[in-house]
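Below, subunit A partners subunit B and then partners subunit C, in two separate complexes.
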Partner chain A sequence: MGRFGFVLRRILGAIPLLIGITLFTFILLQLVPGDPALTLAGPRATEERVEAIREELGLDRSLPAQYVAYVGNLLQGNLGQSIRSKEPVTSIIRERTPVTVWLLGAALILSVSIAVPLGAHAARHRGGWIDHAIRVVSTFFLTMPPFWVGLMLLLVFALGAGWFPVGGFGETTAERLRAIALPAFTLALWIFPIQLQSFRSSMIDVDGSDYLQAGRSIGLEGLTLFRRYILRNATAAMVTLLAVQMGFMLFGAVIVETTFNLNGLGDAMVRAVSGRDFAVVQGITIVFAVAVIAINLLADVIVAALDPRVEIQ
Partner chain B sequence: MKLRRRSRSGRLAVEPADPVAAKPPVPTSLKIGAAILGIFVVVAAFAPLIATHDPAFQDLTDKLASPSAEHWLGTDQLGRDAFSRLVYAARTDLIVGFLAALFPLILGTTLGAIAGFFGGWVDTVISRVADAVQSFPVYVFLIALVFVLGTGVMPILVAFTAIAWVPYTRLIRTEILRAKGLDYVAAAVVAGLPHRRILFRHVLPNSVRQTVVYFMSDVILATVTLATLSFLGLGLPVEQPEWGRMISEGRTFLRNQWWLSTVPGLVIVALGMGYALIGDGLAQRLRGDG
Partner chain C sequence: MTTALEVRNLSVEITRHGHTIRPVDDVSLSVDAGDCLGLVGESGAGKSMTLKAILGLLPKGARVTSGELLLHTAEGTLASIDPISVRGHGISMVFQEPMTALNPTRRVVDIIADGARAHRDMSKSEAHETAVRLLGEVGVPAPERRARAWPHQLSGGLRQRVMIAMALATEPDVLLCDEPTTALDVTVQDQILGLLDRIRRERGLSIIFVTHDLAVIGQVAQEVAVMYAGRVVETGPVRPVLDRSLHPYTNALVTSIPHVDIGTDQRLRTIEGAPPDPANFPPGCRFSPRCPFAQPDCTRAEHVLVEQATDHRTACIHPEALASISVEGSP
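Let's turn to the complex of A and B:
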């Protein structure tokens, strides 16, 4: 079983997870209080009308039959329609995805550029006051509620200094970058502490490893040693962490988009929650879950490419 | 490993070398952290004595007042005293945040103990479910769960428990598997000690500190997440004073009454730092470099 086998195994392993997601959202649907047919029909609908809708939605069938129909719909890319706007959920998702992707991308770049240098620095001065100071600062950021950080940044840099817009997204790339700056920074401040701690400890692990000793003993030093032995291994650990953190980042995106009125997926989800618009909540939950699984899969592939040892594990 | 003969029973009692026996000095971070948490507990316990006003009393003629001798942190959009609401909210955030981290600990530890102890298919089922939960974006599911379960303390606790138990299960399970391979446990089994006793006397004490350290970071996350859910309009009933909701309500008035949102956030950070320092101090003791 080589590296290819490892990746194949991971792909097969994702299938039960996907089934799990459909089960989770299906059960959620059953738990929602109230009769969806009644809700859709409206308060003044006749008994026959409600019955017709129930039949149309397949609610008169048994639960397993409903589940099969539900999965069938999902596989055809049909996520239902919004109770509020009557828009198909898929088009809401398509419309909102770019903002969230911009936000996550920018936040990821920012957080890694904070976490990696600081983490490397802390690892190099392990146990010293620099290491200690970096730990205290990162813990400090971990305790800050991200929406509050966002509001404080808004207060100082948007309302106060006027450097950034107070909310919304833009049309041109420059506008978007300006609009995304504070939200991305807010999200980055929330997720970088975990990246930092993890990068620090993987640097320390690599530093104490046998192969690094071996590398040093054959006379490797400086940049070669750092690039070929330390960075490559620490990067593999980092890629895994970023993938694991993805679900948490999406939660962060929900918070930050709401704070900054960015019309991304997270914002749509929160609006749907307060509007009791179940189809939208469900659709976005599925998109988020599938995205997380896909990204973890991708991370496994990247790690397999970086690190030939994965086949042994 | 020390073997000691119990006086009369004649049965061998086997004890692990006790890491706390040396009693290292209490780390400073632990002291400061405990002091911060202590202040919050006192404020929550004596909220009626500390608050200057009824937190629910609305004075619509005195809305959005600036801080003054009468209203230390001013009043909110309904003319309620912000300081008194801040004090009463300590009860909600402290207790719900704590329980939201405690319930997963209890569930996770129990499942982990069952999995590690009994092994076999029980272990397989628990471990697979744990893997699955871990692979999902659980905090997104948290929003969906709270959405379905409705607002209130119980739905929040149920949702947190459903998503946050996995690390504890892993921790205890690993610890038990490790302990099963240790000499002193093998000796205890040979000596005929009942399983329950091995679990409580030998395995749990060893994993308790690690669990507590993890719990401390989890309780920070739970407190922040609780405030976040309130901010998103999920979470607790509107009338209950809660820091996250105070921040959310103050948001509209950020430009002119900036303190309404700023202060509750600082309070959350202070509480979080308290927990973090306790966790840090305990971790230091755990490593034995007090």
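Let's turn to the complex of A and C:
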């Protein structure tokens, strides 16, 4: 069975998970206290008006019927419409996805560029003061809540120094990079410590390995030794970790987008939850879930390509 | 006989938490061209450390504090060399654990080709051909197909053959083998020993073969050096050392070799006590606390190898005590 079959089977395997997620989001919103029709209609609405809204939203039907209707729409790419703006949820998502993708992409690149050199350095000097210093600093950032770090960065570098905009996105790539810099850095500071510790221990494993000694014994050194003997062996664990961290990063995006007033999916999520705009909440949850599943699948494929011992079956 | 490799007065020290130990203490070895030198001793004697020092592969914290490495040159003289410079050029090594000593993310053919290209400039395809040819030479069946394999797809015995091919790819004059058969089962062990013996003869290779098993030494080596607690305590040609040991430690090792002819009622003799910790080597002769022939002056003995018979040296200051008992027939 080739790689294609492997991917196909993994995608099929994800279907029950997706069904579970739709059920979960559906049930979760049933548990939220308050009646969306009442909220929407406002305090002075008549009984008939509330009934009409309820009917419009399909809330008068039985729960299973509501769920089946929901999944049916979903399969046609119809995520419903916002009860606030009346906009289709898909267009809200389409509009807001780029911001979040930019944010997460930049955060990922930044965090890896902090974690890899520092992790390698800590591994090389393990047990020494540099190793301890790196550990203390990274533990510090791990325990700092991202909204607080974001606020501090905002105060110092945006409001104080004025190097970055206080909020919002931009049109040109340069504007976007500037807009994304502080929020991405905030996220990166939050997620790099775990990457660093993981990469450090991978490097220590490789460094103490018999095969590295064997590679050295035949005269391999420097960049050649690094490329052929260290790189692949030290990165497989990192790829898996990054995929796992995606879930955290989406949660982080919710916080950071709010802090920096970025109109991404996370921000839309927060607004939708507080406005009881449940079609939007469901839609974004599903996008997040699909993204996490897809990224984990991609990570599995990459790891299988990096490490031949991982059987693709 | 010309000397292929000589190690003179090698000492290795390790400092950890402020304490310094010397697991290799003033070790001198030499191996003749085309010969196999067996290096034997119990676990912790410093055998691996000695080999690693020769290639500059000592672990973190360990360093060579004295010693000289001399390698036979093309001009026919012995020249002092630096360990790192002989990697890929003159000396290579076969490691103990074939399961862990091959890079898991590199194909067998590339692992071997790396060695060939580290030794001298050659094209990728030339290195590839060399690798496949070497796989055949070390007895890997269907070498073209196996070349594409990943290490984890091979059995322990095949992996050790690949390891040997990797070491041979650098066209070494001296091969260091660190217990290359310990991790393998007995039949495979015999095959690998046979292979090493064959390539030694065919290529005129010199081998230093580390083991804790004297029976293996008898099979592959011409010369032997016995190590105890970081020191060489006895050296000489294999037969005299094994048959007429001049050191009680060697004698104890010899009598603990399992013989087929040992009756079931005769218990296999092992050496009483444990080898000393390098942090706590006893004074004088380090074997004296475990030695059945120890005399009061043994704890003050200076460590000197004295030639007692042709090329047969011992550090024991009372070799006559051993000579008075018959080794033969007393397992």
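In this section, the second predicted complex is superposed on the first by the 258 of 313 C-alpha atoms of A that agree within 3 Å, B and C clash if a C-alpha of one lies under 4 Å from a C-alpha of the other, contacts with A are read in each partner's own complex, and residues count from 1 in each chain.
To be clear about the criterion, a contact is a pair of C-beta atoms (placed from the backbone, for glycine too) under 8 Å apart; a residue touches a chain by one contact, two chains touch by 3 or more.
Quick caveat, the model's predicted, so the values are computed rather than measured.
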| item | value |
| --- | --- |
| Fit or clash - subunit C, subunit B, common subunit A | fit |
| Following superposition on chain A: angle at subunit A, subunit B versus subunit C, Cα, nearest 10° | 80 |
| First (subunit B), second (subunit C), both or neither touched by A:Y229 | second |
| Touching partner for A:F24 - first (subunit B), second (subunit C), both, neither | first |
| Touching partner for A:F157 - first (subunit B), second (subunit C), both, neither | neither |
| Partner chain in contact with A:S217 - subunit B first, subunit C second, else both or neither | second |
| Partner, of subunit C and subunit B, that touches more residues belonging to subunit A | B |
| Partner chain in contact with A:L306 - subunit B first, subunit C second, else both or neither | second |
| Minimum distance between Cα atoms of subunit B and subunit C in the superposition (Å) | 12 |
| Shared contact residues on subunit A - subunit B and subunit C | none |
| Footprint of subunit C on subunit A - complex, ascending | 209-220, 228-229, 232-233, 306-309 |
| Parts of subunit A lying in touch with subunit B, wherever the complex brings them together | 16-17, 20-21, 24-25, 28, 31-33, 139-140, 142-149, 151-152, 154-155, 159, 246-248, 250-251, 254-255, 258-259, 269-270, 273-274, 281-282, 285, 288-289, 291-293, 296 |
| Parts of subunit C lying in touch with subunit A, wherever the complex brings them together | 52, 55, 57, 87-89, 92-93, 95, 97, 100-106, 110, 114-115, 118-119, 150, 152, 163, 166-167, 169-170 |
| Of all residues in subunit B, those that touch subunit A in their complex | 132, 135-145, 147-150, 217, 220, 224, 227-228, 231-234, 244, 247-248, 251, 254-255, 258, 261-262, 264-265, 268-269, 271-273, 275-276, 280 |
